[in-house]
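Here the chain labels run A, B, C and D in written order, and each chain numbers its own residues starting at 1.
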């Protein structure tokens, strides 16, 4: 930015030069009036947008987490259901476990006990279901290794070796849920993009409005021999700072609001899952610098466009 | 607003007077410069805020709908589970149906057929469950009347008359879901409130910035003998119109975006349920007038505050 | 029509002038001189009600300034024409509409013919549709004078109306003001140009006031 | 130092003037007169590079205006002092900093002692910390002149610098300019005030240029 700025005439040590630079920056800022309302406008815009952005980010992260959970809970597990006459159940179960043990991609397999099975049925039949009186199929839970299992191959092997065993890889259940989570995540990311775009547009417009308001100041400065970079620096510095402060305030407010929200309950996980966890609390901290960068670029472009119209 | 405005000197018919009024308004507007950037800023702010508001509204409506659905699906139904030795099932079922028929608050009761029951079990046992081989409890679905059923009384009556029957009013399932939906609705309403507040603040600040920019124009107008109401009218009219147009554009965009979103699927109803249905498509149309009203009030207050500082 | 009665004014610090009295009746003609910074513009601002006097009383058309509301003031200003020292215009409107602005702002009809005549008299016919920022310094002053006389005001206050004008144009404008004065308008001109005052005094009976050293006195013989 | 060579200019429509040549060397002193709207301010704008000539060539310190970039122009302006007809200031900075603005804007050190002396000479010591909007018309012109001479420029261009000043103050400022001129500064003053030109000619040898009817000629004998 200051590549073309004239260096002070005397040779100085680097420390002095930095001090001189700061003084020059302050001087450059002072030649532009503070302009009360438009300063607040920029601050408020940045704060409001950062606040909304924190929420959109939390939503995206929650959607992400949800998708991951479903991925983990459903995509990585499968069930083998063994329905056979009472006498053959034990035998076929043993065969199935053997087959699974030699199938690549299967991390572990485990027979679901009667208690667990009763728990699964509870919603529909109540806790006092007479398990003894029922001839339920045996269920084997298969936990897949990260790579996943070749379902088709496994299905064929099972059909050959244990005719009563049927593999259910939960595809039916998985697809709509994964799709739903992906769509929610997309929505959240789109809002972040929208918020970012609108923020950039608003900061640009606010900067251009400020520059238009200060057209006379710019003309006077050019007339007394100020360089473009000197004039631009004043505006750019001010708008970047304002956006940074506004965004920081908005992020802080947003994080406090998120933190104050009731903790997530598993009962309605999706709805109350909006919130940040662990390392995620650091993510919103990226918003103010990014916003400041956007403001810096926007103001610079706006400033040089306005300056080009002044001789 | 124009109570104090001087009437044209000649007496006129009412129609003429209205025409004169429009001409006067146009004249009043012309004496204030258009100020390109700040006009766009107001338009864009209004549009962005209206756009976000449409989404927040859709979210609130979806949460509302969801809560209603759960209310309807869970709160209004209960299940009576009859577990008894094979011989007594039919008898006890008949008793239960009789009891239910005479219980106040029960709209209808219906035995869930075997097919339906199999469908409920399918997730866990697969489609080829040998229903005949199982001695499953009989399930009776109870649909409650709007007032609801006195669960405790019904439970006692059932215990006395059909010892194998157990009432499950789904309380366990209902509460977290209802709570979740309520919280989502609250979140959406809070966003609407936040968006409204921020919009009002931004329009006020934009108006004040425009007024500050035009301080000279205001001073010149006062010096040549213009009344406060004449000067204020120019600004108020302009900002109200801009906000109205911007909000209308934002609402239109938001509605198009909602309409273009993939239709809700029941598989992941909650996630894709964000959208408008039937009469709800009319609700967002209230946003532009409300925004314009907010802008009108904000600009009026700002204009008279600035005018008070000019003699 | 405008009366100042024992008026004093100060901007915060020391008093600019004190105990100034002045009465502008119908058909009166005053010049106001004094060194730069003496308070000529301030006195004019008191006359058209932009400033409130610290002490003493200012009456506009018989009404005390202190008792006037904002709308009363606006109405009084519609009867006063003012040429400001820094001629300010609405930069987005052409000269023509700027000259007609007092009529537009008070929602009176604009007599287009009179407007054209007036623009011709001050030599701005060619610039009628130009925007004020493109005017030369002298053209601005002429446009400001045209704006002030456009409403045929009962009082005309002109602050240094010829500072950027050549002598011929100054005399031309002076004759316009004298013409107005003969038709009854009370005129007050603040100026540094003693030649202008001398020229005027040769045509009409004008009183010359001088502010200096916190007081105002009649200056006549020394001109 | 500034040379105009067969310059013509027009704002869109008809030509204001054509074939104007002027050479301001070290220690030269020019007056520029002509009726209002003749193009005096326009000529000055050509001299400090705000406008590009339609035809002909303008050279600032030996460099052709057409070949100068924006930063070259800024550097050239740091060597030229200009008093604009509409003295514009930064309204949020006190007079003191406004006068020192050319130094601040080009990031040169501000000699506070010289600044005080200069403010004293133009009679603005009392207004040093006032904001420009509170200045009187004459005070603005004096501040503008102080700002123009603050950098000890090699060329000084003044557009109607005494339009709002009384005679004594005008002469005082003229003597400041003559002083500068004697130290080598090239001076060009656009003015309507023929008395001022006469007074100056009695002290130094100044050339008087007159623009009228699209041409510029030397006017001397008729003053």
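Everything below uses one rule, namely that a residue touches a chain if its C-beta (ideal position, glycine included) is under 8 Å from a C-beta of that chain, and two chains touch if they have at least 3 such contacts.
For reference, the UniProt names are C, D = ATP-binding cassette domain-containing protein.
Treat the numbers as computed from the prediction; the structure is a model and nothing was measured.
Under the contact definition, subunit C and subunit D share no contacting chain. Rounded to whole angstrom, the centroid-to-centroid distance between subunit A and subunit C, based on C-alpha atoms, equals 67 Å. Once the centre of each chain is set as its mean CA position, subunit A and subunit B turn out to be 26 Å apart. Between the CA-based centres of subunit A and subunit D the separation comes to 61 Å, rounded to the whole angstrom.
Residue positions of subunit C with contacts to 2 or more other chains are absent. Shown for subunit B are the residues in touch with two or more other chains, of which there are none.
If touching chains are joined by edges, the resulting network of the protein chains shown is one closed cycle, each chain touching exactly two neighbours. According to the touch criterion at the top of this document, the contacting chain pairs are A-B, A-D, B-C, C-D. Per the touch definition, subunit B reaches subunit A in the complex via residues 35-38, 40-41, 44-45, 48, 51-52, 55, 81, 83, 117, 120-121, 123-126, 128-130, 133-137, 139, 166, 168, 173, 175-177, 179-181, 183-184, 187, 191, 194, 198, 201-202, 205-206, 208-209, 212-213, 262, 265, 267-268, 270-272, 274.
Residue ranges on subunit D touching subunit C, taken from their complex, read 11, 33-37, 40-41, 85-86, 123, 134, 136-139, 142, 159-160, 163-169, 192, 194. Within the complex formed with subunit D, the residues of subunit A that make contact are 4-6, 8, 24, 27, 30-31, 33-34, 216-217, 219-228, 230, 311. Subunit C contributes residues 48-51, 70-71, 73-78, 80, 82, 84, 88-93, 101-102, 104-107, 147 to its touches with subunit B in the complex.
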